[in-house]
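Okay, so here's the structure we're looking at.
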Amino acid sequence: MATHKYFFAGFGGQGILMLGQIMAYAAMIEGKEVTFLPSYGPEMRGGTANCTVIVSDGPISCPIIDQATCLVAMNQPSLVKFESLVSPGGHIFLNTSLIEQDVARGDVIVHPIPATDLARDIGEERAANIVMLGAIHKMVGGVKRESLEMALKKVLPESKAHLLALNLTALDAWKQK
Amino acid sequence: MKTVFEYTRGMRPVTTTYCPGCTHGIAHRLVMEVLVEKGLLGDTIGVSPIGCSILSHDYMNVDMCESAHGRAPAVASGIRRALPNKTVFTYQGDGDLASIGAGEIIHAAHRGELFTTIFINNAIYGMTGGQMAPTTLIGQKSTTGVDGRKKEISGMPLRISELLATIDGAVFVERVALNTPANVRKAKKAIEKAFTVQQMGLGFGLVEVLSTCPTNWGLSPVDSMTWLEENMIPYYPLGNFRCPEEVK
Amino acid sequence: MEEKKLMKGNEAFAEAAIRGGCHLYFGYPITPQNEIPEYMSRELSKHGGSFVQAESELAAVNMAYGGALTGHNVFLSSSSPGIALMQEGISFMCSAEIPVVMLNISRGGPGVGGIQPGQADYRQATKGGGNGDYHVPVFAPASVQESVDLIYDAIPIAERYRNPVMILADGMLGQMMEPVTLPEHRAVRSEAELLAEKPWALNGHGDKRERMVIQSLHLKPEELEAHNMHLEEKYQSMRKELPKYQIKNCKDAEIVFVAFGTMSRIVNEAIDQLKTEGITAGLIRPITLWPFPEAAFDEIDPSTKVVISTELAIGQMMEDVKSAVAGRFPVELIYRTGGMVPTPMEVARRAKQILEAIR
Amino acid sequence: MAKGSIRINIDKCKGCELCVASCPKKILKIHDSTLNAMGHHPVSVTDKENCTGCGICGLMCPDGVISVYRED
Amino acid sequence: MKTVFEYTRGMRPVTTTYCPGCTHGIAHRLVMEVLVEKGLLGDTIGVSPIGCSILSHDYMNVDMCESAHGRAPAVASGIRRALPNKTVFTYQGDGDLASIGAGEIIHAAHRGELFTTIFINNAIYGMTGGQMAPTTLIGQKSTTGVDGRKKEISGMPLRISELLATIDGAVFVERVALNTPANVRKAKKAIEKAFTVQQMGLGFGLVEVLSTCPTNWGLSPVDSMTWLEENMIPYYPLGNFRCPEEVK
Amino acid sequence: MEEKKLMKGNEAFAEAAIRGGCHLYFGYPITPQNEIPEYMSRELSKHGGSFVQAESELAAVNMAYGGALTGHNVFLSSSSPGIALMQEGISFMCSAEIPVVMLNISRGGPGVGGIQPGQADYRQATKGGGNGDYHVPVFAPASVQESVDLIYDAIPIAERYRNPVMILADGMLGQMMEPVTLPEHRAVRSEAELLAEKPWALNGHGDKRERMVIQSLHLKPEELEAHNMHLEEKYQSMRKELPKYQIKNCKDAEIVFVAFGTMSRIVNEAIDQLKTEGITAGLIRPITLWPFPEAAFDEIDPSTKVVISTELAIGQMMEDVKSAVAGRFPVELIYRTGGMVPTPMEVARRAKQILEAIR
Amino acid sequence: MAKGSIRINIDKCKGCELCVASCPKKILKIHDSTLNAMGHHPVSVTDKENCTGCGICGLMCPDGVISVYRED
Amino acid sequence: MATHKYFFAGFGGQGILMLGQIMAYAAMIEGKEVTFLPSYGPEMRGGTANCTVIVSDGPISCPIIDQATCLVAMNQPSLVKFESLVSPGGHIFLNTSLIEQDVARGDVIVHPIPATDLARDIGEERAANIVMLGAIHKMVGGVKRESLEMALKKVLPESKAHLLALNLTALDAWKQK
């Protein structure tokens, strides 16, 4: 039974929760089991944001994780705080546009992605989360590409439908790095 | 070289958790400046109820206690009866004072309790994320009124100063705003008078401070100031509603 | 059956209440349940219902009483200290026999406490802080889907017993997203149908019948006692009819955990972890907290070494667990409090320590 | 010589621009290329010579960032 | 022979538990007469909170519910939202409405809830045995103020009509008294208008009824009428404070 | 020692609080305790204290918090539904660690109920209706004299633990007159002495120390958990130090009654009546209801046939009795509710029936 | 003949004298030697002929004791 | 151990509670144990009043009585309601000024006293309670005469001190019947 335990972390405003939600939608579209657990509360006001997404072929008992199979750190403090959460052999995606530090551990697979820069290159800095999503999909998997695209459509509010094309481009931007 | 402006020692040298441009910070400072200038800093107990300013005790350099949502006037009454020679104030938001705590503020005024209330009217629930307050303006959007407040469903916004001014024991009532330097100066004067009223034992005093909440208004801090001026002041006219002769 | 939807807990709860027929909602903002009044403010008018942002929780519970005494279904939600403010109202509704479905998305206490998830309102919910002899059935869901189902089902239960019913969830359930299948909208009843089903409801006598009264005061103690005995009969029926629980391999478990809500999911995973270490553990998950499902405890294998109440509270449920176990097994406690949530590994580790100390 | 001068406690600045908007001399500006420890772009003075030391920036700053001085 | 006066069928043919000469009985009758005359008896739900009049549901011939002390306006709001085509009223004492229930009445007015409140101001807590109410007059004796109410300790008596009249949603506010036949007739007119306002959906309406409590005032019923006239009316002036154009 | 005085319960309670040092009283009228605010309104100013008739019980409990956080002693009284309205405040005071002595002169419930004596606030008092992990010690006097003594003693207990303490009496105790010996007035402490004893109290920093804060909110769950653990330590000390009970011939009794307050006096006489019929019965009288005096139950003779919880409530204390008995004896219930009070003969008769059914 | 007349439901009368005090013709009086079932001395008419049927006694009675009639 | 269980009942306004209080005071003055338990609540408003007084040489466990050793019925409804409360061999004092009915039971000692009339004769109808007290003292005992007199002084509010003489007279008025 394949189970992916993603942990997404960054500044508020970096689209962390949206990232988690797209992943969760995509998993649901495929009929997989999924839970999405955001951090909440006033620490979010201008501060940090993070969420846990579990995707599994079988029932998910617990939405809280001891270890993540995949950490996405969109900024420096997130890496510092959550590096130890990753299970041995797990993946860490680094937004190297904002993180200079290296991953200290040697037992994990590190994916350095300059997501913010790549996103800026395609014209929308705030699409860095989608750039990262594309990278995760490619390097870790968990859900299908079509599912991600369908999920993107679901999650984008109507008022932002015109950004769909841009986001689809962002999904592939990791290739440019 | 003369110091024209310096952060008051009434404020602790820490960074507040308020959002950028939130005028809670200005209001805090004014209260503390007044207490410093009156030499009351060491003799004051403040009450901060639940709301964005619940942590004001981390910022204001006076003894302070938290209170349950809306109940600060009751808590302050208790403190003031226990300590007849100290200075007591409450610092309350509009959800806190005008909604859940409407009964308590009215009865503090009714009994003429000898404390001062700083009432921050930012026309919204800040801490809980932008729900409609009794002071939310008609048409103003909130998370519990996404299409804007409607009179038919929620009535017209409550004007607290006008309401409290009908109560004999509320001897000092003034509405001020923090949107311009001139108004900030007037706000400080009003706060000063309100504390004078307390020192003189004349009765209950309240200063309603029109404030911004850029985050939940969805505006930049600077635009918030304009919005306050163009929308709040017309409905909530500034000025003094009651002032004892002795303090005029 | 509808397709699955990925929904935030709080929004799913609100939608479940609407589909269940609660078209009146009275609430006051409080974290972590603000999405509920926000959702209701957007959605209820579409169903011909009414949303009122009350001036306080005290007002909200009394509005709920007013709305429900007309026979209409009312939904009420708040979080821990807000529920504390409703205690007089809850006791009043029990005494006046007015059905209302209430949801507590609980947080850490006591006092203002914090806004992270907690289960320390267990006593508040199950023993009640209102005055007098009364009870409120309390359901404790463990997933968004189960919350939706329990809220939906609670509506007819409240109606049947003419008593408030509480759903006790926590901030985590309110904030998380899971795929849910939403139940069908219950058929809307006409005013006449409603009154036929609820002949006690006030609607004006229309000059066609004697005036009716809904009351809570009984100045003659003889009458109050008779009324209380009548209520007690209902509570006895509830004790028979309502207890609900789930059991997971209690048959030959060394450890039997007792956990409800969010905590039970953590325990579930801890059980899997213990298994990898060769320790067999089972779980009793009370779904009703009142009436507490005492019968579940008869299913524990005599060879079990220890029963562990596992809570986001300092041994509140443990009192009921002890009472149900009645000396048959040692009862221990694993807990976190104040909004802290243990990981499965932490629960497993502490359970192992407890087991070793007993062995 | 400037009539006045200000001192900015950059670490406390939240970049809200209230001082910028109210400075009568329009000599304050958010410094886009600096980030302070809180992650905000702090304010800075564009034209020191024009400061009158009026004190308005300090008055309007919610966060006690600015001290203002004037030649006697 | 013409019937000039007969007990209204709006009142049930029972004997009330009110003390001899208590004007609760007159107020009850006026409300019921109005409902009968408007043909609303069968479409009305009344709310009686705790107080001497808690048992008014035994006397008034309409569907009624009790409410917790002070919370009748919230209960009435709930009923009115559930039953948009019915008539709803609360009948509240001054302890109930002006003290513990101050928040609830203000917010019913604030939202402009479409119900009518009959507010019995008898300047005392009746049911519990004569404690001071927010409306107790200066110098008036009570069991919690045996030497008479003192401004320094308890403030000046609260004038509810004046206070509520500052709230936009309280579209009808009038103070009447039951001390003379002429005033009783005026009281009925005010009550009638308040219900008309409700029927027309214009907003919240309140009639403050100056009433006697011979038992706790320690006066005969007839002397109580005089006391009301000489003491209450000067402090609580009779008259209309707000009335919509449509009803004038 | 002063001469005995014949005093009405409620007035004696008020006087005991004054003599104990509570010079601040905040209250709201409610039967059957109105003599307390009335007495306070007359007497407190004579002691340099302050009486405020609060606008509600909600305001009263928050005034009490305000008064007590200055280090002064505060007395608070109400009756059943009024206490329900104080639940948020009680939980808040526990979390902020503010000592206040509260008296519930309880009546029949639920809801408005009636004004005749009842004990159905047992759960409200002992399990609490506020949110979160907290406890309030509850003392249950059986006579006017004992009430006076317990109120007097509760004041330093509240101070010692920095926690509210409740006295649970009922309308009968409040309304009856018995001769009482009043305790001495405690020495009045100067403001300086008060602050030396209570360094946590707020009085203005006088530019001499750091500003102090009394708080209930802890947004970081780690901090809230640490605070809750600190509170729990206090509760553990209370569990050790406070339990108090009285035992009457439990050594060779066929029946052991458990009864508190007024009810215990009725049982006492019932025991005498049973004796005349050749039935030996004993009594455990819990004086603390929380912590419940579990140790008392170890003194029951193994030959005892039945333990009977005897209450003016429908088996509320019985839950704790069962828990304390832990299966060692059958536990039965004799009760009246809603303000009805059984006579001794009635209790004796029902006890006999129970005994016969068991024999 | 009297212009008006009243009917008194003696059993409901609490003897409060509000009608007595307000009757413009002063023809009502408490009947000291009668006690009704509630233990009150009920009101009675002293001078039937003078009743104008003005209705004031009924208006002021809190207890619905009095009905008033007038000749057409 | 001698124990008297008095039950006093009548209209509100007949001084029932005062009667009980004087008895209780007198007992306390003598160092006896005593409890005084009034009925309370809104039924008292203009309605009925009653109270239980227990006087004993030993500790009194229970303030509530199954049976009274002495019933004082100041009006008709009180007799009807409480006649059965009296223990066999107990006393019933009837205020025959207001009670026409006879006591139905044969196993009790009946004392007919026209207390209201006797009180009116000495100039104060409201002293009927004291007239009754004198009778009880004479015929049932329980406390000493001096104690009653001292108790009377204690219970009379200062404002009514001038009524003391009248009340002392009332104590003996029963002799006139």
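Order of writing sets the labels: A, B, C, D, E, F, G and H. Residues in every chain begin at 1.
FYI, a contact is a pair of C-beta atoms (placed from the backbone, for glycine too) under 8 Å apart; a residue touches a chain by one contact, two chains touch by 3 or more.
In this text, all values refer to a predicted model and were calculated from it rather than measured experimentally.
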| item | value |
| --- | --- |
| Graph distance between chain A and chain E, where chains that touch are linked | 2 |
| Counterpart interface for C-E, drawn from B-F, B-C or E-F and sharing over half of its contact pairs | B-F |
| Whole-Å gap between the CA centroids of chain F and chain G | 54 |
| Chain B and chain F, separation of their C-alpha mean positions in angstrom | 39 |
| Separation of chain C from chain G, taking each centre as the mean of its C-alpha atoms, in whole Å | 60 |
| Interchain centroid distance [CA atoms averaged], chain A/chain H, Å | 87 |
| Overlap residues in chain D, where contacts from two or more other chains coincide | none |
| Multi-chain contact sites of chain B, meaning residues that touch two or more partners | 19-20, 50, 54, 66, 68, 99-100, 102-104, 106-107, 110-111, 127, 134, 154 |
| Residues of chain H whose C-beta touches two or more other chains | 41-42 |
| Residues of chain B that touch chain D when the two form their complex | 1-7, 11, 15-16, 18-26, 29, 180-181, 184-185, 214, 220-222, 225 |
| Chain F residues touching chain C - in the complex, by the definition given at the top | 58, 80-81, 83-85, 87-88, 91-96, 106-116, 118, 120-121, 123-124, 127-134, 216-229, 231-232, 313-314, 316, 319, 322-323, 326-327, 336-340 |
| Residue ranges of chain H touching chain F (in the complex, touch as defined) | 21, 24-25, 28, 33-38, 40-42, 61-66 |
| Contact set on chain F toward chain H in their complex | 4, 6, 31-32, 114-116, 171-172, 175-179, 262, 265-266, 268-269, 272, 341, 343-346 |
| Residue numbers on chain F that touch chain E, as the complex places them | 28-31, 34, 37-38, 41-42, 51, 53, 55-58, 81, 111-112 |
